[in-house]
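Right, I'll just put the structure down here and ask away after.
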Amino acid sequence: MKALLALAQSSVLVSLRERESLFWFWIFPVLLLALLGTVFGRVERGEIELHMVLANTDPGPLGQALAQAFQAWAMGAGLVLHFQILTDPQNPEDLFARARTAVEEGQVHAALLIPGDFSAKLWANGQARVQILYRRGEAGASTAASILSEFVEEFGRSYLTGKGTLAESLSVEMRAVGGEAQRVRYVEFLLPGVILMALFINGLFSTPSVIVLAKEAGILRRYFATPLSGSRYLLGFALGTFFTSAIQVAILLAFGWLAFGVRLPLLRLGSLGYLLLSFATFLGLGFLISALSRTYRAAMALANLVNLPLQFLGGLYFPVADLPDALRWVMAANPLTHLAEGFRGSLGLLTPAFPLWANLLVPLLWLSGSVFLAALRIRLTEVG
Amino acid sequence: MRAFLSVLRAQFTLFFRDRLDLFFTLVFPLTFVFLFGFLWGSPGRAVRVGFYSTAPVDLISQVLADFPELAVRDFPSAQDLENAVARRIVDFGIVWDGSSLVFLFDRGRVQDNVGFEGQARRIARSLELRRAGATAPIQAEKLHVGKLQAATWFHYIVPGLMAMALIQAGVFAVAGRMASMRERGVLRRMLATPLPGWALLLGVGSVRLSVGFLSAGLTLLGALTVFGLAFSLHPGWLFFYAVVSSLGAMGLGALVSAVARKPGSAAAAGMILVQAMLFLSGIYIPFEFLPPALRLVGRALPAHHMAQGMRAALGVIEGTSASVCAGLGFGAFGLSALLLFGRALVRPERGWPGDRYHLRRTPRGPSRP
Amino acid sequence: MAWILRVRDLQKFYGPVRAVDGVSFDVSAGTIFALLGPNGAGKTTTVEILEGLRTPDAGEIWLFGEKVDRIGPSQKARMGVLLQEGAFEPYLRVREVLALFAAFFPRSAEPDELLSLVGLRDKARALVKNLSGGQKQRLALATALLNDPELLFLDEPTAGLDPQARRHIWDILQNLRARGNTVFLTTHHMEEAETLSDWVCIMDHGRIIAEGGPKDLISRFGPATFVEFELPGELFSALSAGFPERVRQDGERAILHVEDLGADMAALFSWAAERGVTLANVTLRQPNLEDVFLSLTGRRLRD
């Protein structure tokens, strides 16, 4: 027993002192959380900075009204919009050309062109057209175009309401279902993902790296010249990894709370259970990689091979609800998917897309599979 | 000349024999292409909408028919619909009781919901109009004025990935390969021969550059063949940006090698640098979505400009003089950095800081790498 | 005296290579036993089998009075091991390493005591990666002594150390013997085997080719002396002719094996005078284990 604790303690000390592990293990997840949380938090709150231009060539009042309404709406909508209203009824061609160039060259994200017959047509036929110029495929431009498009429809609606056509308004309610949280912010969704990612990287990279290097460098030989057995060593190592992982999770939670005000209800049986299961599953994978790799480079190659597909196709960062069918089975077989769903579900952030038994069974299968194979193939010393 | 050619040949052979190296430089970018392609490259799939109504549906059916991008599915009860939304079997749900609309969204789909809510508002407006027997007074015609007709976000990503492949290859050509050669004593042994230092540098550099080109090329090929993307290639600009990206990246690698004390940490530092650039250059995350401070940083990064240059070279956006200047600047920086630090790189005896570590290796047993 | 370790017909093959080819010996308790031989003789393989790091292909081992098929934790608890090749975690401090290893044994001494013993007291807080080769070696020795082992295995304990450090370790080993511990060491250092050991087994190509107390082994040469002097290479065959079967060449030096010092020296000087050769750098010395090995194999211990 004291051997286990001593090994665990050494493991923690080394992890805290080694420069490379210091960065990848401790700092990187926090950085990732900070970056993604900030970026997508802004998207959520609409704090994206967009540049638009409104080119109004309508001599009548309605074009003017449209432009002013947009101004008022944009100010109140909480978006960071930079827009310019260009008016020149005398030279509509010229104005439109300028606006078009601005969009083509990327100076603005989108442009709204109000033609000269806007008011006239609207009075006469009750129908008028505008054009929205943008660059399709570019995220900012598409967003700007959507905003302009939506605004135009809203304006149309209030126009009709003003005319009395839309007497009765429709009651519309937007309601969120699933999970228990009141409102889920992206950071709240992200934090469990980053926690799982940190545990995953730890298990997949750190574990085999330490073990295989220790074997290659001859550190393990010295251990096994003493009464220490291989299984004790691995248990001690696992214990040490458990402590460092716990500290890591604590740091991420603290950062999430301090920087973003996120408080996750972690003190639940389900949540802690999923955390523990995740830790064990990833550790198992790490042991398996250690067992299958004779050199450090082979271990890292194997880990990298497995890493990215599992992470991206596991819904850690984005809910991958719309994968083509070919990849859906990958998702269903991926332990990360189930652990992420189960973990987030237990935190009340969503309703898991898979039933409970699947969320528990798939990781457990991976865990037992890896441990079994690892036990068969692991060679901590050259006993030959 | 002969020396240079033999170095070239040896390095190429080494590269193709080293399967791990091969994997990382070639397969890795491809993995990204496929990953992103599947996530964002497929033509928009239908939005799945669940529907439940307690009132006659003709009106709302007509409305929904106006939106061909929706795939509507009926549900027998409100509860069933809620479950379907919560489990993401459908993207969102509509409940209609004849006079009010309730839209149901999954709490967890924080990002997608932005789009779905917009969709919901359009449906609501359309329903309102139909009920009043009116039509939308203002038609907004969206016109794409960008260079490439069928552009999608994936079209923007691919050139960015190519730029990254080139930069990555360039940085690791120096910070990785050269540094490890120095560490393993291979460099010292090679320099004991009459081989001139510049030939070695040039040889290794050429191979890694070709690797970078290959990597970027495969990325493009993957995008073209698997996802059927169409670009309008400008070979001249493509070559230009490929060369300056690689040169500049090698300069960065030289810089990193000079600063990093241990040979191993040069590669690690290089990796961190490359990853950081990836995130901040508008390649994965659209520029507009970054906070202003980070956008400022991103704009200063060469990766951003090289990605823009690549986009122009592939006909996705208009080329700008800013990109060209940035390219020239980056290339010039790379060249000068290489010249400056290259001398130090290929002369390990002259007190290169990294060798303090190397020389201290004791004869007793293998030390930790 | 009782024996603490007994080995009979130990064998270990690696394909066609017979690393250990039928080795047998007894180690008496409370002695220093040396396995002497050149690099590649099979010493490390032998000792690693006894330490439990490798499995033998044939042979029997009796340890601590009992026959053992496998060196397991209960045997290891009574042994101390200093490996020739191995490392410590670079980012642990010296004292932490000792504390870690101490936890592997049922009972162990205080780390600080051992640090004083091996002369690493002032390096207790140093990180392993900042230690010199000699200091790491001493740390390894300290870990081997943690459990006050009845039987201590040392594989090339002083290789790569400066003479002062070597002497220091010899003192430690002699103290251990005085206390009643048994030391089993392998070495290719003739002086180490001669000065330190009670019993020497000379090993070559996987076999024991001679064994005995160091003085006994040497005395097989009889009351002999070696006369060494500088001689140009071309005169060597003439010298051999003059003193058949008693001359050996070692680079620029000739070595003459003499038994009757007075007579042989006179003969040598007259031989030299006859040819007009000046004998330079003449030294007289007693035979040593190197000479024993040489006479047995025709090769040197160190090549």
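Per-chain residue numbering starts at 1, and chain names A, B and C are given in the order in which the chains are listed.
Everything that follows uses one rule, which is that a residue touches a chain if its C-beta (ideal position, glycine included) is under 8 Å from a C-beta of that chain, and two chains touch if they have at least 3 such contacts.
Everything numeric in this text was worked out from a predicted model, so none of it was measured.
Listed by label, the chains that touch subunit B and also subunit C are A. Between A-B and A-C, more contacting C-beta pairs join the chains of A-B.
Subunit C has its Cα centroid 61 Å from the Cα centroid of subunit B.
Between subunit A and subunit B the centroid-to-centroid distance comes to 16 Å (mean Cα coordinates, whole Å). The geometric centre of subunit A is 63 Å away from that of subunit C, both derived from CA atoms. Of all residues in subunit A, those that touch two or more other chains are 217-219. Residue numbers of subunit C whose C-beta contacts span two or more other chains: 85-87.
In subunit B, 365-368 are the positions where the chain touches two or more neighbouring chains simultaneously. Across the interface of their complex, subunit B is touched by residues 19-20, 23, 35, 38-40, 42-44, 48-50, 100, 103-106, 109, 122, 126-143, 145-146, 148-150, 152-153, 155-157, 159-160, 165-179, 181, 183-186, 189, 213, 216-219, 296-298, 301, 304-305, 308-309, 312-313, 318-324, 327, 344, 349-353 of subunit A.
On the side of subunit A, the complex with subunit C involves touching residues 2-3, 5-7, 9-10, 13-14, 17-18, 214, 217-219, 221-229, 381-384. Contacts from subunit B toward subunit A in the complex involve residues 20, 23-24, 28, 31-32, 35, 38-39, 42, 45, 82-83, 85-89, 91, 93, 99-112, 114, 117-118, 120-122, 124-125, 127-129, 131-132, 134-148, 151-156, 264-265, 268, 272, 279, 285-292, 294, 316-318, 320, 365-369. Across the complex, subunit A is touched by residues 51-55, 73-74, 76-77, 81, 83, 85-89, 91-92, 96, 99-106, 127, 140, 143 of subunit C.
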